[in-house]
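Just so it is clear, A, B and C label the chains in written order, and each chain counts residues from 1 on its own.
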Amino acid sequence: MNPRRIADLAQELGAKLIGDPELSISGVAGIREARPGDLTFLANPRYEIHLGETRASAVLIEEAKPGAGLAQLVHPHPYLAFLKAVKIFRKERSRPALGVHPTAVVYPGAEVGERVSLGPHVVIDEGAKVGDDCVVMAGSYVGRGARLGKETWLYPNVVVNDDCVLGERVTIHPGTVIGADGFGYVREGEVHHKVPQVGTVLVGDDVEIGANTCVDRATTGTTVIGAGTKIDNLVQVGHNVEMEENVIVVAQVGISGSTRVRRGATLAGQAGIAGHIEIGEFAVVASQAGVTKSVPPNTQVSGYPAQPHSVARRIHALTMKLPRLVERLAQLEQRLQALEEERSDHHVRSRS
Amino acid sequence: MNPRRIADLAQELGAKLIGDPELSISGVAGIREARPGDLTFLANPRYEIHLGETRASAVLIEEAKPGAGLAQLVHPHPYLAFLKAVKIFRKERSRPALGVHPTAVVYPGAEVGERVSLGPHVVIDEGAKVGDDCVVMAGSYVGRGARLGKETWLYPNVVVNDDCVLGERVTIHPGTVIGADGFGYVREGEVHHKVPQVGTVLVGDDVEIGANTCVDRATTGTTVIGAGTKIDNLVQVGHNVEMEENVIVVAQVGISGSTRVRRGATLAGQAGIAGHIEIGEFAVVASQAGVTKSVPPNTQVSGYPAQPHSVARRIHALTMKLPRLVERLAQLEQRLQALEEERSDHHVRSRS
Amino acid sequence: MNPRRIADLAQELGAKLIGDPELSISGVAGIREARPGDLTFLANPRYEIHLGETRASAVLIEEAKPGAGLAQLVHPHPYLAFLKAVKIFRKERSRPALGVHPTAVVYPGAEVGERVSLGPHVVIDEGAKVGDDCVVMAGSYVGRGARLGKETWLYPNVVVNDDCVLGERVTIHPGTVIGADGFGYVREGEVHHKVPQVGTVLVGDDVEIGANTCVDRATTGTTVIGAGTKIDNLVQVGHNVEMEENVIVVAQVGISGSTRVRRGATLAGQAGIAGHIEIGEFAVVASQAGVTKSVPPNTQVSGYPAQPHSVARRIHALTMKLPRLVERLAQLEQRLQALEEERSDHHVRSRS
């Protein structure tokens, strides 16, 4: 990821440069995270107020803003140009040295591909297969019969249990556990008998999974993480969950057993999803939501138990007005009592 | 776990077979998780609708259902028969090779029992004891003075800190940490001074703990996990918590310091339990509940702050009706105003 | 941490002893956690009811309580005296042997200070620096270019990724991951492209971080944990978060990207904090709160979405009264209808 002259970058992106052509750009970032040396972008007018505060050195923008105080790359589609820049600046992760470290343990019967990097104290257990160009960093464990597809990368201290299968270009961050037993017991009196968890986990191509996350193996059959899905840190994926492609799962989400998450859905931070339900395609579950029943495609839910987001917002707004509602109720009671007393007086007077 | 002829299985379970006696059964599972080759059961009529959709090859059932489309094992107590089948099919976890791997480090003064399997890069620190028939898998660490009872199994990368004691037949899944320091500080001005955490952890017999869970050591004394208790992944157990026997703790639950959980209680996923309270025997805490005070035995609580479940349900139902309540209130105000105006007219007319 | 005669301790703390001068005190603890042999304290009258139940052997107290049943150390400022006792009894963690274990791997170009303890299977990667008097326990990994300040202590199986910097006297409990990639993608159609996470993490002096916690590296720039901050287990700290000094973060909290937490703030268990906001100095976020916008200094918030605590309490109290409100509403409707019917009768009668 060498820095580039912004004039060269402008040419590469097909943008018009306003600013010093010799400015050096070394990375890309969102407008609020950017630091000096970064290129950012402005696509959503909602973020225009951040333009004055960004520390970025340059911005991709649809129309030039005079006096913006940073270099501008004017482009009809700033977001698409930014995507292109992301690909240009994608850091080639500085790859560990090729080869098998002398302290790594590769069991007999394990197969290791070409051009792999197996770090110190790595264990590749019996019958496991590690594809070409894989990186397995220090202290990671690949269980018996497990398989890693080509170019898959395990950071340090990852555990992939026996018979689990990871696709190609999968990235797993440190401390994550793929294929621990699902949580399944049957109760007899007060005692819980374990239901054998004899299934596995299948992780599709181009999946990325954060640190200290758990993806449990299926009771029978397969827990599935679809291709292109991205999972954050400290997430719990229960046994027999099936996620489709390009799902986004933010940190500390929990998904209970046998739930299906359809393609493109987003589960925001700390949400909890009950078992045996379905989250529809492109549905969005808000952070901390507690989802107890299936969510239709292309909808948003929030709250506990989760409701359509517009309902949850309305209910919340009314809840916040409860003090005023109680006042109105008390006033009504007083006014009504006044009327009743008056009528009663009237009757008394009528009779008298 | 060799497959069995269903006719043999029927005989073993004392059930009457309806279907092909040569059918091969290779496992057991719940009706919704089951795959071809599995035996499932139908005990709860609520699940009868799943009978048409199950992928199981056979079902244990109280009364034969003609045309159910899968083999049936008719038995007066399908659930008890299923329990028996679970025990028959319990997978003998394919045990790692006996012996101490050459890369394992056993410190002087540590004691290791008979027929143990210590995997690659395992560390058994000074004065630790590992009981007979234990399995400690790759990268796990057993601290100074810690003890593992007979037949206890640590999956890869587990940490059992110094002086913690695990009973017999305990299973700990990967990445779990037993005996990290409790979170205890005293504040002096703005500075937090650490309160030494000099207690330990005691884990009873037949406990199973999931992956990446944390059970903190006591400040003084002992954090206790009772015999037969089952804990899922990513659970936080604070210092000085005492759990009794056969408790169920689902994923991502947090239990604050010094709380006692009585036998047979269930804490559902992502629930949070305050410190210094008691969860009664066989109480059930719903998922995502926030429990701020003690819960009586044999009750259910839900919501935040947690209420008896029936109260929480009723309050929730009324909250969802707030829009209608506000309408009724507005109508009352209009009607009352009409009455008041009429009375006022009447008075005016009376006086005129 | 040798036990002391309480008479000696009284002298050291400047307290007046009521009780047997030969009593042996071996530790300190809160009044509810204390065990025999412990010294506790009573500063808050709210806890006086615990004095009869505590298992402590002695109590620091402002005024002598006759018949309290345990030794008393009378002191005008019991809490300050307790703080002094905490420092006296602070356990010198029994330090692992000095030196580099033969199974540890120190890469060429790594620098290791004086008097360090590097345990079995530790990895210090290329260009990393380990300060004087550091302890790095079994299976921990210090990445390329990462730095540990003096007297920093990593428990087993900790991961400090490349280029992350830890200050002096930092303690990290087992399984924690410092510097995994932040969760940042840009969407193009249905596909998520990774935004390179090229920043780092800076952990200040005297920070303590619990077990299985994750602190993500910045997208660009630095994720910061301020000096003296204490973080519990299973916490998620997103990319570009900046925490100031002496923050308290309880177990299972999640802090989204680019949020700033000012000095002295407290985030209680399982709270979730949105991204790009600010938690003010000495603010307190209640457990399980969902914070969606900035919190002013010196305030308390709770609930979802989080409100000032007094508002949240009032709203909750009214919500619990909804059944009564609905009754009152129904009574009003009946009474009003009675009035309306009477008026209507009256009109009819008037006309007849």
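Please note the rule applied: a contact is a pair of C-beta atoms (placed from the backbone, for glycine too) under 8 Å apart; a residue touches a chain by one contact, two chains touch by 3 or more.
Please read all numbers here as calculations on a predicted model, not as lab measurements.
Counting the residue numbers that touch the partner chain, chain B and chain C have less than half of them in common. Chain copies chain A and chain C are related through a rotation whose angle, from the C-alpha fit, is 120° to the nearest 5. Chain B and chain C have Cα centroids separated by 24 Å. Shared interface positions of chain C, defined as residues touching 2 or more other chains, are 103, 121, 139, 157, 175, 212, 234, 252, 270, 304, 319, 325, 329, 332, 336, 339. Residues 1, 27-30, 32-35, 37-38, 79-80, 82-83, 86-87, 89-91, 94, 101, 103, 119-121, 137-139, 155-157, 173-175, 208, 210-212, 228, 230, 232-234, 245-246, 248, 250-252, 263-264, 269-270, 287-288, 303-304, 316, 319-320, 322-323, 325-326, 329, 332-333, 336, 339-340, 343 of chain B are the ones that touch chain A when the two sit in their complex. Across the interface of their complex, chain C is touched by residues 103, 105, 121, 123, 125, 139, 141, 143-144, 157, 159, 161-162, 175, 177, 180-181, 183-186, 188, 190-196, 198-199, 212-214, 216, 218-221, 234, 236, 238-240, 252, 254, 256-258, 270, 272, 274, 276, 290, 304-305, 307, 314-315, 318-319, 321, 325, 328-329, 332, 335-336, 339, 342 of chain B.
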